[in-house]
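Before we start, here is the structure in question, set down as structure tokens.
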Amino acid sequence: MKGIGINGYGTIGKRVADAVTAQDDMKIVGITKRTPDFEAKTAVEKGYDLYISVPEREEQFEEAGIKVSGTADELFEKLDLVVDCTPGGVGIDNMENIYKKIGLKAIFEGGEDHDPVGTSFNAEANYEESLGKDYVRVVSCNTTGLCRTLKPVNDLAGVKKVRAVMVRRAADPNDAKKGPINAIKPVTTVPSHHGPDVQTIIKGMDVMTMALAVPTTLMHTHNIMVELEDTVTTDDVLDAFEKAHRVLPVDAGLKLGSTAELMEYAKDLGRSRGDFYEIPVWKESVNVVDGELFYMQAVHQESDVVPENVDAIRAMLELEEDGEKSILKTNKAMGII
Amino acid sequence: MKGIGINGYGTIGKRVADAVTAQDDMKIVGITKRTPDFEAKTAVEKGYDLYISVPEREEQFEEAGIKVSGTADELFEKLDLVVDCTPGGVGIDNMENIYKKIGLKAIFEGGEDHDPVGTSFNAEANYEESLGKDYVRVVSCNTTGLCRTLKPVNDLAGVKKVRAVMVRRAADPNDAKKGPINAIKPVTTVPSHHGPDVQTIIKGMDVMTMALAVPTTLMHTHNIMVELEDTVTTDDVLDAFEKAHRVLPVDAGLKLGSTAELMEYAKDLGRSRGDFYEIPVWKESVNVVDGELFYMQAVHQESDVVPENVDAIRAMLELEEDGEKSILKTNKAMGII
Amino acid sequence: MKGIGINGYGTIGKRVADAVTAQDDMKIVGITKRTPDFEAKTAVEKGYDLYISVPEREEQFEEAGIKVSGTADELFEKLDLVVDCTPGGVGIDNMENIYKKIGLKAIFEGGEDHDPVGTSFNAEANYEESLGKDYVRVVSCNTTGLCRTLKPVNDLAGVKKVRAVMVRRAADPNDAKKGPINAIKPVTTVPSHHGPDVQTIIKGMDVMTMALAVPTTLMHTHNIMVELEDTVTTDDVLDAFEKAHRVLPVDAGLKLGSTAELMEYAKDLGRSRGDFYEIPVWKESVNVVDGELFYMQAVHQESDVVPENVDAIRAMLELEEDGEKSILKTNKAMGII
Amino acid sequence: MKGIGINGYGTIGKRVADAVTAQDDMKIVGITKRTPDFEAKTAVEKGYDLYISVPEREEQFEEAGIKVSGTADELFEKLDLVVDCTPGGVGIDNMENIYKKIGLKAIFEGGEDHDPVGTSFNAEANYEESLGKDYVRVVSCNTTGLCRTLKPVNDLAGVKKVRAVMVRRAADPNDAKKGPINAIKPVTTVPSHHGPDVQTIIKGMDVMTMALAVPTTLMHTHNIMVELEDTVTTDDVLDAFEKAHRVLPVDAGLKLGSTAELMEYAKDLGRSRGDFYEIPVWKESVNVVDGELFYMQAVHQESDVVPENVDAIRAMLELEEDGEKSILKTNKAMGII
């Protein structure tokens, strides 16, 4: 059993911890926290050993009744691989100043840039690229969402050109500080960074995107327009989506016509924390018109990358050579359809 | 094992179904649905037998690939007790026109009035009143919340007078139709119905309330002011809340200073659907000033009444004479702290 | 002075009334209302004669202290032209059953279909088509927004193809009933109706759109991607927008980076009701890349069509032959930049 | 004509500037700004002379095309009185370090504490206290709202005790950064500071309050419960509210049952920026039960204090000895009912 650590037990980190725990070929050795809050408390109650990133705060943790097992540096020594879920930009610092020095393999999240890490990861699209690698970046929730559906479309019909508009939830559900309460905030840098980010996974695809933030916390949505190389029908595309891993065509007509209802669906499916690991695509929105494909999908920003992290671990530690086998193994352990 | 049915498998109904399933002295025989939507689909996938309330719609269900086990009337014949979770007002019709005719015991929810049912229920406050009864109403989420904390305060120090303002979430999380998006809507009938509703449980207590709706979906909050009979300290009250069943004092300081963070906490605790069955009281808000107690609590409108339904079943079917024993048994099965 | 009536004094109707009043070649003879609410009250207080659509309700109006000047039918007899601002679908009924019978010219709003009316209107793009016409439809706020900016782009560089995503505010600011509070609702009919609607104004333009609703009340936003015929620069496009009527390039950098701040800007400009009649285009978002133009704009759904209604009146009553002269006259009277 | 300056031309400052301009016994000499944004731009376009608080930024203003008339210090030399609308806490610094040194009279807003200023102001309740004073604090929007209605209730029936819950809008309409998007945030310091703040105006009144923030931008609401000394009826109280200055009883039944509709009403009344200077009280919510008065009111946080600032200027500069005369003069100039 390979020993994995989580550096930064927050929105993504705590989910990756649980997902790793659900596997039979890896386990969590410990997690790190900076602040003695309820997340730290429940982490220890769940049985995770907690290591602190700021050694001077040990007393604060103890006053809050939270058991400390050591410092982050002590944790890193015990690991085969660390999943770095610290805030954007911190991960690269950690790579240069800590992980490289002690020869520790590390996964970074989508908040980091591609270039310093060198390899970006999406299980369906380029698993093999990460085999045996020391440093790998699992791309962001939005890029993961785009890759998950553009890969099967490209395999089916050849993608000439993609234009997409990303409608982003402005804050996470547990965030009571960020707004806006009542406004739309465009990202006025156009095209947005999402297109180039997809190209770190699917090389050479012509993807241009625009983005904006809206006052909701649940999910992002993507509005995607694709010019195709080959002639295919709407049913062909739906069929490709049905067969793709971690893509879930849903019927708006079955009372699933909004992100609110999709989130309820995830709860009804019994998902841990009500997470939606797949990319739901609204079946009714899929339409091929004169060689151009239109569709709409949603992205659960808190969780779609979680199974990707598990697969990335497996690739980097060479626990499994074959991407599809890893995907199926991860999915089974996490209850993904 | 007593056989229980759920009439109306929606927000409350599906939770009661799962809570009953978690007990060892009762089980779900079947549930009813009117519409073939994703909730119907997942109900069957989870193993619940589904009976339809509108027999003519059988074909619609079959077209949607949802297995129908019979009609609602057929289900009712097989039950020891039905939990009626239909929309407000429908339950009383069902009592008169169906349940009484076939001699079926029934629980109603807080959307129904007290008078036609005759007995209202809160496990902590008046379990014994429902022993062996045929028809019992589990009071609404807000009334449950008030009873849960006012009972221990009354036991501790005697309540002279309660004034409370109920700040209601305007729609449930899965509701994408109701607003307001950006407004406060006062309930201009003052005092509101919540005071008299508490009196169906705690007879004679002087409780007056005002209510308003605000644009959030997560939880209600209550702002409560109590004139006390006896002299007690803030710590005495906190202590009473710690000891009360299904009341959970929380530290705003541990990053729990809003309903958003409370909901995240419930997910971290591993609760089914992220539910918060207890009434969280913000510790920092509890304050006794000159014989007057102030405190603030939150109410998870989707789930606080769910364990109450289980206890009500046990009282009505005389599976347990003692209220506290039932509470502890239910809590253990549902993972309540 | 031509005599104009407003049938349906609501969000659009009351604004058109004030805009007509601001002109020197037309005046309001009266407005109609169905319900005795605060809008009816303030209409009369402002000096508009109020006629009731449901004659039986006269007493209700009088009880509420609102002076009634007669019935809607009595008003129609006194008019040169009626602006029908009734809810979508009602206008066509009125045309067939009332206006045609008494030979009354009528303007309809974007909630009506193009075909039964026969002529659609946008002052900048096709003023002349409506000269002398009896029935004209002023296109919807979103279509008006698209025409306002696509017309100058087409004039500048030739439009090969437009793809746009319309992010709609889910309810108007004064609407406390509609949601969602926390969700994104895609319009799963793809492409949406906005493309064909633009084609009723700018014939033959290849425009395809997708739409979704988000929980905000202030403005819609459009994300627009245009393949151009001719080679132009970003500055050329900005220049064309600066010169276009009722298009207002704005600097996100001057604290105008959201729809909330745009609305504040309109208030600071002293606009009646805080309205934003122009289409603001975020300057930073305008970008020409390899012959493809990207830009983002906002649409104040309550008011952008208001000056269009004034111009449409002028065209239909042949008060002015030249579209640009009418636009400038209307703009001056309404304080449009 | 007395010369007034506005230090801090933001949400309150710009409104006070316009309100002063509407009077015939005072005028705006200049306003100050720190940042060259759209508010600075429109201030100059409206004709206000703009002075900069950070002299080094002159170039930034000029680059943005905004005319600078000098530095803040230069402005202060030209004034009879300055209205300090800088962010909370800055005003007291300015008093000590600037205004006292040059002998300039100054008004502060509710973000400052009472003690260092020494005199707090509400036109209806204690105008005379500020006659000839050098430093006066106009109390916050919420305290102004409480004083406006508690004063006439006290005059009518004697107030024994007030308990109120303040439901605060979490951000202003033009604020696209602050949240929460979907949560309720209690102020866990109980009782909240609003009670003591009322006592700076109405000495000795027993007022205790609780507060919370909700995801809306339009208005605060207050839920107020008052034990009365004397026996009065609901109609007596309504009558007192009708007669009070700057209190406006409204009918929820005339489609005014939410803060969204109240804001629309203000626009329909033709108010500058759609402001609601009065405190609207929902008539239906006013109810006297057994000597206890209940009522609900709303507070337009952006504007209710604006006429108070005008009256405070008049008292401090002894332009008018009689509070009521000043109120009526201000109201007439601002179009207050």
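The chains carry the letters A, B, C and D, assigned in the order they are written, with residues numbered from 1 in each.
Everything below uses one rule, namely that contacts are C-beta pairs under 8 Å (C-beta built on N, C-alpha and C of every residue); 3 or more make two chains touch, one makes a residue touch a chain.
The structure presented is a predicted model; accordingly, all values stated were derived computationally and were not measured.
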Inset, instruction - Go through the assembly and pull out the chains touching chain B as well as chain D. - result: A, C
Inset, instruction - Identify the chain pair with more contacting C-beta pairs: B-C or A-B. - result: A-B
Legend entry - Where chain A and chain C are represented by their mean Cα positions, the distance between them in whole Å: 42
Legend entry - Where chain B and chain C are represented by their mean Cα positions, the distance between them in whole Å: 47
Inset, instruction - Could you grab the centroid distance between chain A and chain B? Build each centroid from C-alpha atoms only and quote it in angstrom. - result: 35
Inset, instruction - Spell out, as numbers or ranges, the residues of chain B touching 2 or more other chains. - result: 173, 175-176, 180-183, 185, 215-217, 257-261
Legend entry - Sites on chain B touched by chain C in the complex: 170-171, 173, 175-183, 185, 215-217
Legend entry - chain A residues within the chain B interface of the complex: 14, 35-39, 41-42, 46, 64, 173-176, 181-182, 217, 251, 254-261, 263-265, 267-270, 272-274
Legend entry - Interface residues, chain B side, partner chain D - complex: 163, 165, 167, 169, 180, 182-186, 188-191, 208, 210, 212, 214-219, 221, 223, 225, 252, 257-261, 282, 284-287, 289, 292, 294-296, 298
